[in-house]
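These notes open a run of structures that come right after.
In what follows, chain A forms one complex with chain B and a second complex with chain C.
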Partner chain A sequence: MAVFVSAVGFGVVTAAILAISAVGFTLQFSVTNVFNLAFGSVMTLSGFVAYWLNAAGLNVWVAMAAAALSGGLISLAINEVIYTPFIRHGLNLFGMVIVTISVAVIFDHGLQAAVGPTFFSYVAPAGRAFHFADFVLTRQELIIIGIALVLTILVQVGLQYTRVGKAMRGLAVNASLARACGIPTRQVIALAWFVSGVLAGIGGVALFLDTSTFTATTGSEFLIVIIAAAVLGGIGSPRGAVLGALVVGIVTEVGAAYWNPELKDVLAFGVLIAVLLVRPQGLFSRLATERAITR
Partner chain B sequence: MRGKRTFVGVMAVTLAALTAAACGSSSGGSSGPKGNLEFAMFLPFSGPNAAYGPEGAAGCYPAVREIDAAGGILGHKIHCTPVDDKGEPADAVPAANRMLASSSSLVGVIGTDSNTATAVVPLFQQAHIPVFSTTGQSSFDHSTASYFWRILSPDAAQGSAMAAAAKKLGITRPATMFGNDIAAQGSAPSAISGIKRIGLHPVANQTLGVGQSSYRSEATAMASAKPQGIVTEADPQTSATYFSELSQIGQIPKLVTDPVSQEPNWRQAMGGAIGKSLLDKQDYAVVAYSPPTSLAYKRFTSELMSSAKQVPKPSQWDADLYSAADYDSAIILALAMDAAHSDSPSVYNRYITKVTAPSPGATVVHTYAAGKAALAKGKHIQYVGAVGPIHFDRWHNAGNAFAIERYVNGNWKASSLVTAAEIKAAAG
Partner chain C sequence: MSAATQYYIATILVYICVNVIASWGLDLQFGVTGVLNFAFIIFQAAGAYTAAMLSLGPSSASGSFQHYLIGVHLPFPLPLIGAMLVGGALSALIGLITLRRLRSDYQAMVMLVISVVATLVAESVIGLANGSAGLSLIPNPAQALSGFTRQTQTWFFVGLCVICMLIVGAVMYALVYSPYGRVLRGVRENESAVEAMGRNATRARMQVFVIGGAMAALSGALLAQFIGAWAPSGWLYPETFVFFTAVIVGGRGSVSGVAIGAALVAVGIQQAVQYMPIGSDPTLLAALEWIITGLVTLIFLWLRPQGLLPERRRRYRRARPARLARAEVRDPVGT
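Right after this comes the complex of A and B.
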């Protein structure tokens, strides 16, 4: 029982880190229908902004806030400068996926050329250890869980109750109708990219704090797990992304505790496939998956 | 119009960048100026293992500097050409084919690590190009590929040496932690079996999926087992994440590591994760032993320090075993060509053992210039390199003595030797 409790506890930490990024990924996708595989690169770039500030003496949590802002701006810029021209020319969904992969390759390799193929770490002590039943969490991990909780609640409440959140949901369901109703789609889309980038920035720093060390390609390397959490919860559903992250996080940790640690990903992705067999749309999504890209 | 121009512009940039990315830093076998000979550094220069490329370059460029200073090989100047295999067989095979098809001055390959060796060594064999590989894979222990050469001990010997070192360090209750990647798994079986064979009592054996965001459950299990030491090999990212979490849960015991722990990237990642002083205190690296006072080692470091133009921050590689091995590889290739009086690989390949094997009356040389001079006088030579004596067996594998090294005051120092008898006891 002690092993199970401890694995679930650790799973919550992993889930918190995944959830921040998964919510960002799925929020932007739900509004724009662009499957942005450069999301991991935005996490990395923002993570490096935090690294440079942290190396200059700034507290890592303040640096995380700067990473959030830079992530938002980078994400916004990518959409405005690169993606939007392609979308205007009517590039289809698959074509856009290739463009996003290209952007990821350019960013990752460009950054690697700039910073070198080496490893970086934040100056951020894990802090005091707190014992909960049979597991130990550090102050740093508790802060990350808190940040994840606050952000996911903010996103959910924002989508549910604010005017702009309702506009985003409107766009997600039917872009043409939303436009006809007078929703300023261009601004709403821009905001979705910005918020997604903010979450990528925070998620990147949280991930790099968790892995203790990172390179110019670390964000992209973890993107598959982030997407898995988003897909499991139902692509396009922030609430689903949180649940998906919880499932992925807990299953991997319980798998590592009771089974072969080498195969914990096999277990997590096995669960993903099993869920999708029963609910192809994921746990929460009500969105159609065949929508065109939102202009 | 503006939109169209932007579209075309972005498309062009994307395609250009994609092409550049696909090629990486590879020159794809571009040959050097006329009259020059070319050593290909066939290694990852991009991707997760991108540090291997600069590590190999830190061996090749100093060697070429030394060779050219001594007048070159048979009057030819030498070039080290980076060819990016990206550390993936799927990228390495086309890169090798492009290089072989387009380079007429290629006379030797330095590189191919465990991730790519199985895929590309047959291509070099077919093309009759000697390849000095740093792979430790046991599949090459009895390789019949006549153009394949391996200077460093195979992984199985490394694993046995790590088990023997654990015993030597007084660890009676060790644990093992290895990554599940091909590089780390080479030494895992012999380390685990060796630990049992020499009477130690393993308390945990963990194989980790590499590159996870967390290993908390695995670290908790390890902390509960209370090992006196952990025999380990994993990539920098996995090691850093795992040991950082272990340090938060319990204590870091003695770490019995392999040459990977001497690589700057591994130390950078681990130092950032658990702290440099704790890493230095607990790390016991089991590595091929070569006295740092040897003439060849001194020459290697001297040439390395003078190669700052091609090798950024050269001092970071001066204790790197793989850089030293790649340096020796280039020197051996050059001496074999001189001995054969030919730069034709199919001719000089047979001379590689002739310039390295001990034989009665052979002149022992430690530098290219000394070897070249001795050969010019018609003498037989035995090159003893920066990694020590290099005795190739019939399968072109060379073995090494091992030492336990500590990082003290910015330098690696051998604290004790692991004898052949101790390794044999672990290997069974």
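Right after this comes the complex of A and C.
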């Protein structure tokens, strides 16, 4: 029982990191319908921004805030400079998938060429350990869980009650109708990319804190797990992404405790495929068919 | 010609044949029919492992330094045929899971996930194919021919690869430029129209998934026999991207174009990087290769989305105003 409980504890930490990232990934997708496979590269790049600041002596949590800002700016820039022109050029959903992979490949390997194939880590003490029954969590892990809670609630409340959140949901349902109603679609889309990048930046630093060592490709490797969580919940639904993150996080860590730790992700992917066989649209999405890109 | 030069040329020829075969498999799926198979590389890997297991003999024979399933020693064409059967069967299995019910953007994502799962399983289940160390000492069928020098044997193997490529090419021409090929292109362009004409789009997708998977497996089998080794680090999921680039550069849906694209992208870029004056740091060279591949993809999608040798589109002038036909030719990659 003690093994199970502590595995669930680790699972909640993984789920917190996953939730931050998966909400960012899925929020942007719901508004624009671009499958952004460069999301992991944005995580890595902002993680490295935090690394350089941290190495210069800045506290890692302050560095995380800087990473959030740079993540948002990088994400916005990628959309303005590369994605939007390609969408205007007439590429559809699948052409855009190839574009985003190309961007991911260029970024990851560009960074690799710059920093080399070595392992990096932050200067950040994990802090004292807290015991709750059989849960053992460090101060660092508790902060990450807290950040995840605050961010996912903020996104949910923002989408539900603010004007711009409602505009985003409107775009997600019907872009041309939203434009006809006077919603400034371009600005809303730009904001979605920025918010998605901010979450990628925070998620990236949280991931690198959790894995303790990272390379130029850590973000893109983790992206597959993020996609699994987002698709499990039903892509485009932030609520679904949180639920998917919880399922994937806890399943992987409990699996690692009882089974081969190297195969823990396989278990999560198995859950994903099993769920999709029963419910092809994912847990929370209502759409059984894909939609075109928002132009 | 010195032995080293001969071996260099033979190696390049084998790599060209192998990559052309694999790119044709992906072209049939992605270029002609519009199936986004982001797990393409695992079918190449399945072929390579099968060919190895069917030709290495029992794992106890060489002192059990590597562990794998099956372990028999079959004569020449059987390992290649077995590889294609396994590649096709694996495609059928994965196709049944993904192609039948999922929306097409989920299909693409689930393929990515499956590619990663395959790597994780191959790396951590040692008894399957020797884990992350991979298999080595895979026999080359040409080296079983006695009475020839090693050099001649290498050229025999090049000949085998060329013959395989020609056969696969003939199959591609027969499939793509036929009424069946028209159904496949119809699935890519307008699925509902195809269904309205009484054709089953899902069945067509399944068929190209299996045929393309068998082609990928054949390419993997040949490559493993030539290098003599095969390990998970050689087929990580981004490798599939190289074949996508080859298809885009060559021209989606065009058989001869994709052959050129495969030679230029999968072999040409790597060779070009070797001759660049940037030193010989392997990490830097590999990174540069990937960056160039990514840039080439973006440049082609922007400037020439139809590829070097575009798919020829038949125009029915009398049935349709010229204005429409022209609009169709301009139609970029996305369709």
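Quick note on the criterion: the second predicted complex is superposed on the first by the 292 of 295 C-alpha atoms of A that agree within 3 Å, B and C clash if a C-alpha of one lies under 4 Å from a C-alpha of the other, contacts with A are read in each partner's own complex, and residues count from 1 in each chain.
Here is the rule we use: contacts are C-beta pairs under 8 Å (C-beta built on N, C-alpha and C of every residue); 3 or more make two chains touch, one makes a residue touch a chain.
Worth saying up front: this structure is predicted, and the values here are computed from it rather than measured.
Because the two structures share chain A, they can be overlaid on it, and in that overlay chain B clashes with chain C. Residue contacts after overlaying the shared chain place A:51 against neither chain B nor chain C. By the touch criterion defined above, A:86 reaches both chain B and chain C. Once the two complexes are overlaid on the shared chain, A:193 sits clear of chain B and of chain C alike.
Judged by the touch definition given at the top, the superposed model places A:235 against chain C, while chain B stays out of reach. In the superposed model, A:257 makes contact with chain B only, not with chain C. Of the two partner chains placed by superposition, only chain C is touched by A:272; chain B is not. Of the two partner chains, chain B is the only one touched by A:138; chain C is not. When the two complexes are overlaid on their common chain A, residue A:109 makes contact with chain B and with chain C alike. Shared-chain residue A:25: touches no atom of chain B or chain C. Of all the stretches 39-47, 111-119, 201-209 or 291-299 given for chain C, the clashing one with respect to chain B is 291-299. Under the contact criterion defined above, the residues of chain A that touch both chain B in one complex and chain C in the other are 82, 86, 89, 99, 102-103, 105-106, 109-110, 112, 117, 260, 262-263, 265. Within the complex formed with chain B, the residues of chain A that make contact are 6-7, 10, 13-14, 17-18, 81-82, 85-86, 88-89, 99, 102-103, 105-106, 109-110, 112, 117-121, 126, 129, 135-136, 138, 207, 210-215, 217-218, 221-222, 225, 252-254, 256-257, 260-265.
Contact residues on chain C toward chain A in their complex (touch as defined above): 34, 36, 97, 101-106, 108-110, 112-114, 116-117, 120-121, 123-125, 237-238, 241, 244, 248, 283-284, 286-288, 290-291, 293-295, 297-298, 301-302, 305, 332-335. Across the complex, chain A meets chain C through its residues 35, 82, 86, 89-99, 101-103, 105-106, 108-110, 112-113, 116-117, 224, 227-228, 231, 235, 260, 262-263, 265-266, 269-270, 272-273, 276-277, 280-282, 287-290. Touching chain A in their complex are the following residues of chain B: 3, 6-7, 10, 14, 17-18, 20-21, 24, 45-48, 50-51, 53-54, 180, 206-209, 211-218, 220-221, 236-237, 240-241, 244-245, 248-249, 264-265, 268-273.
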